[in-house]
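Across the two complexes that follow, chain A remains constant while its partner is chain B and subsequently chain C.
Coming up: the complex of A and B.
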């Protein structure tokens, strides 16, 4: 057996398999904890001290959010700017903002937004992607949605639309009336505003804001 | 080989993923190198037994 190949030797494969399995197990545990750091939500203190988090704290609804090209990263990133009124207030406490986002999140699940829309990569593409809906120019000052709903702010126009979607002709695939109440609509808009502030590495690349896109497609 | 770190939250894996030195290349390297070492050990053992 002088010329027995290592490739046909059981012990070589056993030891290799043990190494790969052991290493992969350690790596997966490490990656899990690494991910926790990436996805954990920031706090109000982070926002005030300018600490960047992938997912900002709920009080981000008190601030203006813009989407700007970062030449360093080669993609667009949400930038949290100065204070901005949200339904007439810019002093939502962490508890209030969290409650509002929670209401919006439950509302989005109860009304099954994902049946047609996409939120953070989850959902459908029957209707526009909502991940960055807050930044869609159609809702901004001078945009078509404020004129159509007769409201003077982005959040009020969105809330009005959500309560009576079938009233406003936006698209050939019109949104049905889902019986969303005024309070739920407020929560949903807060939920959308917070979502737009999440750094998603430039996803989605092509939403209503981009030139050449039609109706948010 | 190593490029400026541009990720939002600092992390070892984020750093590894920035440039051409990607996570995949790193992980394959780290898995394959000890296998070469195991191979050599086993070869020496077989030669000794033979």
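Coming up: the complex of A and C.
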């Protein structure tokens, strides 16, 4: 047995494989616990007292959201500013806002958005990324998409487009009609607004090159 | 010493051929709907509001995942009698589960095609589609898949425990239970898109960059023993080293999906480090195949006989394509955009799509096609299975077609990175500026052409798999 080296011993490698796998799995589970704490959704109280959460609570739809360069972190972060009307109201209760977000998230899956668009950069590449769609200049006052739908606010413009996408062809590649109702469209816009408030570590970079936004104003 | 079981008379091997047959049908469906989606990039009006891109793309990627799962189950049922020396336990239940699985998949695809989308309710999630990339199957089908997978894992475990439990079987037993268990992480609804994607990646990433890769290592080990008579001891030692390297890098490599979905910044470092290590086992696997092949052929030549040691030419060629394609598609094309500094601009562009095409093909399609050839050899009791004109055309056109698509999509990805991302900052307008670029448009034309070539290669492949068993050219 003098010539037998541990490096050519199957049992040694079998045990090594088991240890390495176990160690990596334990580390992943430990990191998952930490991450779960950091990505749990915030509450209305957090928003009112200005506590920054990576994923704010659903009532973030009552506020103005902007995307600004943080000199401290060296990347762009969503900034939640003053109150802003959403479909004419800025006083959605936690329950109402959660119901809208629930409807919107269900809608995003039921309408299979992800097999054309990307959400947080994941999905298909046939249509624009929706991560910060709420902040897209095209939907703002004076933006091309808002003007096209003839609506006076961006949430109404987005909801109108979602209900009748092929009525508003922007390019030869069009969004098909997915049978989205007015209520579902409202939920989807709430879902998009909420998504734009998520801290995505600066993705996408230079979004829309938004000029002049300071402190959510 | 190879081929101690011809495969004739083994129920497990018979079930394997059923699995391979349905896998090949779904492979065809994958390519057809891929072509529909590719045509829509070039002619956006094609089947508009009939079979829209989201439907075509959903079937394209779902058929991909499911045909691979079918071929993986088939591969295990095929090799079990050889490895354990006994007939697979519970094979009757295995056959019943097969038909349940097939019926469920047919219903799911028909609903995708005919119903497509539903209202924003839980009912849609349960009965039409779940709307989550790769695992769109509605919830009822999720539970069906869990039952079928548990039955499959039970058959594997019972057979492994009763028969001779080789290193390959041990790896498969551990790997398949993780593979089935991870599916559960993708079976719940949450209002938070961040939570949703966190757990969604547990299924997708820990399948294709961990458990599926280990599965490939085990199948490659079996193939080397079966096709060129490589030494089991050496092959299994390599297999254990590969398991350590694959899981050691792949499990925490999941971090590269957590850069931008709302998860903390520390995933940048973890994801970058471990996913940068992911190509290493793929290099090792390629070296391993070349080493064993050279060693066996060298031994043969030294004995004065200069005939090839390979007893199944097409299968070995596909296994070799796997060893190289896994390294190229998963390793190189994956490493291109795995560092966060790069991924900030490439995430969610055709770059990902280029990597996806070459990686799924190189890492999985190739070796599973190889297993189909091994099954053809076994089923027909052939001693040395040789190439035919069709097998050569099939491999050339499929490999050439997929490489062509990958290069085209990579160029398209560059346009998106430069125009839509770096210059325009990923807005709606920026997106379409990129899509309308000349280089992007030409890349999409080339991708369609290469897709057609891939599909023609698939026709040759099916023809060859169906006819080569009766071809008199082989040694029996």
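Operating definition for what follows: the second predicted complex is superposed on the first by the 176 of 217 C-alpha atoms of A that agree within 3 Å, B and C clash if a C-alpha of one lies under 4 Å from a C-alpha of the other, contacts with A are read in each partner's own complex, and residues count from 1 in each chain.
Note that contacts are C-beta pairs under 8 Å (C-beta built on N, C-alpha and C of every residue); 3 or more make two chains touch, one makes a residue touch a chain.
Computed from a predicted model, the values in this text were never measured in an experiment.
Peer 1: If you stack the two complexes on chain A, which partner ends up touching A:20: first (chain B), second (chain C), both, or neither?
Peer 2: After superposing on A, A:20 lies in contact with both chain B and chain C.
Peer 1: Which partner, chain B or chain C, touches the larger number of chain A residues?
Peer 2: Looking at chain B versus chain C, the one contacting more residues of chain A is C.
Peer 1: For A:103, is the partner it touches chain B (first), chain C (second), both, or none of the two (neither)?
Peer 2: Touch partner of A:103: chain C, not chain B.
Peer 1: On the A-aligned overlay, A:34 touches which partner chain: chain B = first, chain C = second, or both, or neither?
Peer 2: Both chain B and chain C are touched by A:34.
Peer 1: Between chain B (first) and chain C (second), which does A:89 come into contact with in this model arrangement: first, second, both, or neither?
Peer 2: Neither partner.
Peer 1: Give one of first, second, both or neither to describe whether A:116 is in contact with chain B, with chain C, with both, or with none.
Peer 2: After superposing on A, A:116 lies in contact with chain C but is clear of chain B.
Peer 1: Between chain B and chain C, whom does A:72 touch in the aligned arrangement: first, second, both, or neither?
Peer 2: Once the two structures are laid over each other on A, A:72 reaches chain B alone.
Peer 1: Looking at A:53 after the superposition, I want to know if it touches chain B, chain C, both of them or none. Which is it: first, second, both, neither?
Peer 2: first
Peer 1: Return first, second, both or neither, reflecting whether A:164 touches chain B, chain C, both chains, or no partner chain.
Peer 2: neither
Peer 1: Between chain B and chain C, whom does A:6 touch in the aligned arrangement: first, second, both, or neither?
Peer 2: The first partner, chain B, only.
Peer 1: Do chain B and chain C touch any of the same residues on chain A, and if so, which?
Peer 2: 9, 16, 20, 27, 31, 34, 38, 54, 199
Peer 1: Which of the residues in chain A come into contact with chain B in the complex?
Peer 2: On the chain A side, the touching residues are 1-4, 6, 9, 11-12, 15-16, 19-20, 23, 27, 31, 34, 37-38, 52-54, 70, 72-73, 199.
Peer 1: Which positions of chain A touch chain C when the two form their complex?
Peer 2: Counting only chain A, the residues touching chain C are 8-10, 13-14, 16-17, 20-21, 24-25, 27-28, 31-32, 34-35, 38-39, 41, 54-55, 58, 98, 101-116, 118-129, 131-133, 136-139, 144-145, 166, 170-174, 176-179, 181, 184, 187-188, 191, 195, 198-209.
Peer 1: Considering the complex alone, what residue numbers of chain C touch chain A?
Peer 2: Interface residues on chain C, with respect to chain A: 37, 40-41, 44-45, 48-49, 52-55, 57-58, 116-122, 124-125, 128-133, 136, 167, 170, 189-198, 233, 236-237, 240-241, 243-244, 247-248, 251-252, 254, 257-268, 270, 344-345, 347-350, 352-353, 416, 421-422, 425-432, 435-436.
Peer 1: Quick check on the complex: what are the chain B residues that touch chain A?
Peer 2: Listed in rising order, the residues of chain B that touch chain A are 4, 6, 8-9, 11-14, 27, 30-31, 34-35, 38-39, 42-43, 45-47, 49-50.
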